[in-house]
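This is the structure, below, for whatever I ask next.
Order of writing sets the labels: A, B and C. Residues in every chain begin at 1.
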């Protein structure tokens, strides 16, 4: 089963839920698709293997270039410019569409591979850990997410995907192959508004969903929202200073008997949906 | 006119909470929310009168004219984003996947592919007699850009009078939208949080802001959730000579009042803490 | 000498734009001829990479001096060593140019 963990914004406890859920499931995989801020590794410490992720970017042969400017005019992302007497490539802006190479009248453009980040893999106890990391200054990590999703297609174990926040294209890429989505929200009017955004996204892609309320209170606004939309509430995590402190230090709280039970319960509820 | 921009790097540190309390405390008349991917300030903004709504256009996307299409599939072969799908005997462009590069338009032998405007979101300006609030909302699957942030700020620009204090809730991260939000501001207030991930994000955002020679102030929210890490943030700020403007406790009352849509009670503990942060921040720019 | 300034409105009486790449106009002043020309920023509505297009424009105008409140990373990389960059003051274009010739402007970067 492939389970995506989503939230409308950062800081609601998405990584907290993903890490602990994956940890209590036997033989599971934890997959971090939040490539701009991959924090799962802070919890699953270990030796990771690294596999580069590459995109194709143009290379200009300045000897044959006639400075006609067609490539720079064509590029809708402004990744090429004529600076004084040379065409320069700004690889961070390049979307690898291949257009410049097509329009060059003198075949002065070829392509080369450029590293934009990596996919790291490790084992933590009996859990398979996969984490995508986007290099600082790169604009989009969708390619890394696509490669991760391709990779986990062959996994036999249950997979928990820690998604990027929001409802942008990288979230869409992350939930493509999932069977179930967990939406994590805090009971504030901000939390509710952001939950509504991701809820809308999961509906467009026709996903089965459930809600986890972090820092829950009795009959709070997230609870009310879930009831009104008939969405299952999978778990309510009450605010707990000790739990917050352990988590902020990068510890897996479900290692403690005290907290393990609530995540066991969550795992059981979700895995039951497999049948 | 003084502009304060509130940023955090990491999401969920309490940026909007601080921004809304700053607005209450200062009685600021002009404010903006540049966190357009997950805008929240409008939920508690007292200015409810929507005055202007304007579409925000991103890059144009491609569309195939079915009447002219010969179904040769050349566009399909060239699209690097898998945005062209063949279904029901037709080639079509999935607008969620199309990045607007224009390669398909170029390779089509029939010239059957053209650009269409793509509405990526909308700009909203709220106004009453003497207050104005500018924000925007992005559509699903669209990304923020420096352009949109600049537009949000431009919407209030002409309304700012000489003595106004302007409060801007900034976007998360350290990318282009953040840099665009920094233009014209007098001070950047960073809302830090005592966690390992919070600290690494704080350092990255400080680096970005310093490269623009901006005045930086840092406050620590929910500081009591991890006093040890709070201490190490303060030490880091001291060593590097950044202004530290105060601590705010984790207090349910702050959230309760926001949920009720009411300002904090003057004299309450959270009010006093935020007021102190506010006063210290203002003293840096006056 | 060619001086280039990002501006909010057109002309020498305009205030300076808050940012470079998303300025509405550029004021290009040729001090030898004592003539100023106004250019519309063609890339204003472009979501990505305006910094690069702006630098391209500045260099194509053979500018010697840029007066601006700030320069983004991408433009800076291209302009460094080719154009002298000065920090603008909160006054109109004309006064910024005058201040520049009085050596009153502070060099940026």
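List of remarks:
The working rule: contacts are C-beta pairs under 8 Å (C-beta built on N, C-alpha and C of every residue); 3 or more make two chains touch, one makes a residue touch a chain.
Since the structure is predicted, the reported quantities are computational estimates derived from the model, not experimental observations.
For chain C, the chain with the farthest CA centroid is A.
Comparing each chain's Cα centroid with the centroid of every protein Cα atom identifies chain B as the most central.
The distance from the centre of chain A to the centre of chain B, with each centre set as the mean of the Cα atoms, comes to 19 Å.
Distance from the chain A centre to the chain C centre is 40 Å, each centre being the mean of its Cα atoms.
Mean C-alpha position of chain B lies 27 Å from that of chain C. Residue positions of chain C with contacts to 2 or more other chains are 46, 48, 50.
Chain B has residues 59, 176 in contact with two or more other chains.
Along chain A, residues 77, 139 each make contact with two or more other chains.
Only residues 8-12, 36-37, 39, 42, 74, 76-77, 95-99, 102-103, 136, 139-140, 165-169, 172, 187-190, 193-194, 197, 200-201, 204, 221, 239, 241, 244-245, 247-250 of chain A touch chain B when the two sit together in their complex. Across the interface of their complex, chain A is touched by residues 43, 46, 48-50, 52-53, 55-56, 59-60, 74, 78, 82 of chain C. By the touch criterion given at the top, residues 18-19, 21-22, 45-48, 50, 69-70, 72-73, 108 of chain C touch chain B in their complex. On the chain A side of its complex with chain C, the touching residues are 72, 77-79, 81-84, 88, 90, 93, 139. Residues 57-59, 145-148, 150, 153, 176, 179-180, 182-184, 211-213 of chain B are the ones touching chain C in the complex.
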